[in-house]
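Working notes, beginning with the structure itself.
Letters A, B, C and D name the chains as they come in the text, with residue numbers starting at 1 for each one.
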Amino acid sequence: MRHLLLIVLPLLVIFALLPGVYQNHLLLFNFVIFLVLAQGVNIIYGFTGYLPFGYVGFFGAGAYGFAITVMHYHASAPMAVLVAGAVGVALGLFLSPLLRLSGAYFAIANMAAALAVLHFVANPALEDITRGPYGVSLTGTFNPTLAYAAALIVLALTMGIVVFLKNSSFGLALQAVREDPVSASMAGVNVVRMRVIAWLASALVAGLAGGVYAWYVSVFFPDNVFSSDFSIFAIVFALFGGVATITGPIIGVVALYGVYNLIGFTTPQYFQLIYGLLIMVLVLFLPAGLVSLATRRGWRVP
Amino acid sequence: MLGRTIAAFTLGMTVALPAIAADAPTEIKIGTLYASSGRYASISMPVHSGLKLWIEQKNAEGGVYVKAFDKKIPIKLVAYDDQSNTATASSLYNQLITQDKVDILVADSGSVLTAPAVAIARDHKMFLFNQTGTGASFFSKDNPYIALMADPVSTIWPKPIADFLIHDGPALGIKKVAILYSTNEFTGTQATAVRKFIKDSGAPLEIVYDQGIPTETTNYTVMINNIRKTQPDAVIHLGYAPNDIALLRNIGEVGVKFKMLFSIYAGLETELLEKNVGAKGLEHVFTYVPPTDLDYPVNFGMTMAQYRAAWNKTYPDGKVEFGFNAVAGYTTALVIEKSLSVATSLDQLELHRAVFSLSGELKTLDGTFGLDEMGGQIGELTPLGQIALKDGHLKFVEIYPHDANNSKPVYPRP
Amino acid sequence: MSLSLTSLLHVTGLVKRFGGFHALDGLSFHAAAGEILGLVGPNGSGKTTSINVISGLYAPDGGNVTLDGVSIGGIASHKLVHLGVNRTFQIPKPFLSLTVRENIAVALAYGRAQVAPPTAEALMDEYRLTEVADRPASELNNAQQKMLDLVRALATRPRLLLLDELAAGLNPTELDWISARIKALAQTGMAIIVVEHLMGFIEQITDRVIVMNAGKEIFEGKLAVAVKVPQVIEVFLGGEHAA
Amino acid sequence: MLVYALVAGVLFGLYFSLVGIGLNLVFGVMRIVNLAHGDFLMLGAFVAFGVVTLAGLDPLLAVPVAFVVFVLVGVALYKILVPRLQGSLNPEMLSIILFFGLSQVIQAITTIFFGTSERSIPSSALGSIFTTARVKLFGGNADDTGGPIEFFGQSFPASWVTAAATSLVAIAFVYLYLYRTRLGTLTRAVMSRRDEALATGIDVDRISAAAFGIGLGLAAVAGVFAPFMFGSVTPAFGADATVTSFAVVVLGSLGNPLGTALGGVVYGICYMLVQTYLSSWADLLPYVLLIFILLLRPSGLLGRQVRVA
């Protein structure tokens, strides 16, 4: 409760007020999207140790779930966002056998799965359903204000999940599974079910985020919403801040994505070089994330 | 009636007045994105370089003439690197609109990186100068805030190929046609168009092979063998530059000779392909005759020869090849320049009106500029040509449509 | 509860194969509530494997395991925990990044103990973990990690507790102390199976031992008797001579 | 069509073994996921490009150059990056991010120097030293180069055969290194039980540095052939190459470099078969194949059953 009040509420209020004072709403929107995705990575990686290297698969599937619902069923955008979340969960369920793998194997298989979904959606054979490689245009539902509000709701939900994990024995049990699945099962924890639940929760928020993104961007190709940049950014942000905490990924997104955009706005000619070097330096000198600066001093970080 | 006249008059005044009254700005801000890295860098950089060249040139002359203020105003280029990243592209487009408050918004090259700009531009009522984003989903009758500058829309671009096959093919003995295309919006749409033109014509042509392959494909040996098995009289390959490079190299390496082979980029990016495939590999290849070779008569801007000279002077290191994309960037620039010289204000709908008023009038090194009502580019249909090798130099021979200065194709390929 | 020792665990003809190797080859024994049973035998005789099968880590390839007459062979570990089976590990496996208190909290929350388990405070107090309660388990020494492992098991209120070399590495004072604790646990009606190499420890706490060799039992009874049985002597001494 | 696809698959697949083998060596020894693997391939291609354009030599000569240069680069990079990385809590996962950063840096620097356009080398240049030697020794026509090579009455690009042959040599080299040298034996010991190897006093650091260097060296050697196998190369080429390498490596079994040889061939044959019979789905194949292999045999075709959680 304290966490909701002290961390989540201020975050939401800030992002709800910012559009009034700062006009680049899409940048704010992207911040919100990456907050959701980084926290989604936090749910699955921070609490269970599975690195979702193909996390964008859920995001893209959600975006196309949104698009298909709007194009073929003429549903309202909020309805389509819910469908997007459902599509994310369905894909998560379909891919849940991957959880049998561990470490780098899981990461690689997940990346492969995301690419497989991309090439499936983009295949011309599915043109009647997904518009294949030809891209979708959803100008009928375009509404940046509502889409931004929806993104904030998705963020609230995501933060709610993370706060629950951080403060519940459920979250504790997930971390126990991450540390040692055998020992966790001997504490009475149903290891498989716990992992699947975390996996699906993580898929749900990514699917919802994808739906909201589709709503805002409204004109896109498969390559736009399945770009591996989404996975990598979300993972890098989450790790940079520090996973298995509530604040870590938030700090990660705000600091690193902030720096990223700052470089992009000011020194575009060395954008990639500076950003690449920055990531390397961070991993080498702050391997446990920014929050480790505090935990090293013995402070508890929520 | 009277009321309407007064209303119209008042409206006219309100549009005209600020243009006269407002102080001229010290600079015209053109905002654009480019991709210096990632998947789309190789198509983005030549286009962007073309635009930059024009800006440097204009600024050296003291700026670009802006009718709204009846004077030359220097151009300020605000360009961000989206690194082929679409999320980054979307916030950068918005940055250009909302923070930099650019006067003119120019999209990055290619459909994937143009897509994030379409809805944002429309939302902010900014006219989007779409350079090469051919995506059909961008254009609609209710959106006045976009027009395609350089590439013809993919649905009509391949018409000369189809027409050649339909009208001249049977006489040459072309009966069986093979179509191989990369499954992306750009080349997939062209394949659909070719197929439709041929089927609708009722010409005695049989499509014996019709396969889409992933755009990432860079290895054609097996496909070449499969196509050869169907004994086609003509092979139409619709792919991006790396696809063309790989296909043409593989054909040479395997030693297969198709009687007729069409490739898009043999013409569009001849310099690039010659570097990668070699002159020999391009001989007898059918392709779109690029504006770089056609030497369209211009009524605005540099001629092709002048532009090529300027390019070589500005970019002497050869890191970015001179070709269709380089021309596309400059063409966009010319449309902007001309629009500024006729637009009575910098209002975005006025820009729209100015751009559309150029349709059919503006003749640049890229040919006639022409727009359909939705903003699709239909100006100049690139003719079909064939590459000939003379003394080690590549030359385009125009094949179709028939007119005074074209010749007979070399068919079948010797 | 009846005062007589009712048999809680029955193992009959248990078989476990790893490829062609028969780690368990028809093992049979039983354990009663309130009893401390020792499992002894040379290395590779199948002691740890039998614990792993009984605690659900491996599914048996043959034979039967029953708890209170209900077959439990092949049931997933966490369900066995809910049925009242728990264990410790030879190399303790606490949740390293969680604090001691959190480690215990997981077992308390998910153990579904049928009888109300002791509180985390009581358990930490009893097993000398109070002063490290808020430290991550990774900072504990080996003996403390072993105690945490035991506490994790106890927090689920098991009826059958399997201890895999709990005593190894403890000093004599700690040994006396832990013996007393284990005996006290048995007094509450818990069936305890102890796998141990330290014969002194086994003698001190067990009521009865099963001597194992090559995946099956070769003796059952008091340790004092066992050491006089030629077959048992041969397994232990012969094994060592051969090595 | 079937025979053609099979032969092409074997040639193509052998090359892919070479593409993946360095990645696998690095993972096997250090549990490091080198996400910049494809970028080292790209750099190898630029070495070949330099050898051809600056020195006018046969790109085959770039093979030893690229190997030596990148072994040294690898050892140096190892010293800078890996010890710090392995001091962290979860080096396997962190390596993914670290090497993503490195990949960005390599791409950015290459772009600054070479631009973004497609680059390649004429097919006839590859193997031209053999032609020159043949002409010098036996006479004959020097123009008669770059032609296809025939197998079973079907023609295949000569460059594929050269690349496949080089791959075989490289695989043999890796085999000899691992099984016939002292350093190699120790390398295998580290691969199977890193902690025990550390405990027994093996100089794990030195072995890892060597493996890292050789891994990058092999990637660069594979890169020399990239302009021929993929038509052309741009600085952005690395990302796709890395993904394909992963598919090949996991097919064979992660951590077993020789399994990669098999993985490459299986991948090559499957790829060519799908391209022949289901071409538009060809890019789905590597990923679906990879997922299925991982689920059915998590340790790869030639792996031991050790990795299920």
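Following the convention adopted for this analysis, contacts are C-beta pairs under 8 Å (C-beta built on N, C-alpha and C of every residue); 3 or more make two chains touch, one makes a residue touch a chain.
All of these numbers come straight from a predicted model, not from anything done at the bench.
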Subunit D reached from subunit C - shortest hop count over touching chains: 2
Note, CA centroid farthest from subunit B's centroid sits on chain C
Just how far, in Å, is the C-alpha centre of subunit B from the one of subunit A? 36
Measuring centre to centre with CA averages, how many angstrom lie between subunit B and subunit C? 76
Mind checking the centre-to-centre distance between subunit A and subunit D? Centres are C-alpha means, answer in whole Å. 32
Taking each chain's centre as the mean of its CA atoms, how far is subunit A from subunit C in angstrom? 43
Among the residues of subunit D, which are close enough to touch at least two other chains? 107-108, 111, 239, 280, 283
Subunit B: which residues touch two or more other chains? 36-37, 39, 183, 212, 214
According to the definition already given, which pairs of chains are in contact? A-B, A-C, A-D, B-D
What residues of subunit D sit close enough to touch subunit B in their complex? 1, 4-5, 8, 12, 107-108, 111, 114-120, 122-124, 146-148, 154-160, 228-232, 234-236, 239-240, 272, 275-276, 279-280, 282-283
Spell out the residues on subunit D that touch subunit A in their complex, using ranges where they run on. 27, 31, 33, 81, 84-85, 87-89, 92-94, 96-98, 100-105, 107-109, 111-112, 239, 243, 246-247, 250, 254, 280-281, 283-284, 286-288, 290-291, 294-295, 298, 307-309
Which bits of subunit A are touching subunit C when the two form their complex? 169, 172-173, 175-176, 179-180, 182-191, 244
How about subunit A: which of its residues touch subunit B in the complex? 23-27, 29-30, 33-34, 119, 122-124, 131-137, 139, 142, 144, 216-221, 223-225, 227, 229-230, 233, 260-261, 264-265, 268-269, 271-272
Would you pull the subunit C residues touching subunit A in the complex into a rising list? 55-57, 76-78, 81-82, 86-87, 89, 93-98, 102-103, 105-112, 149, 152-153, 155-156
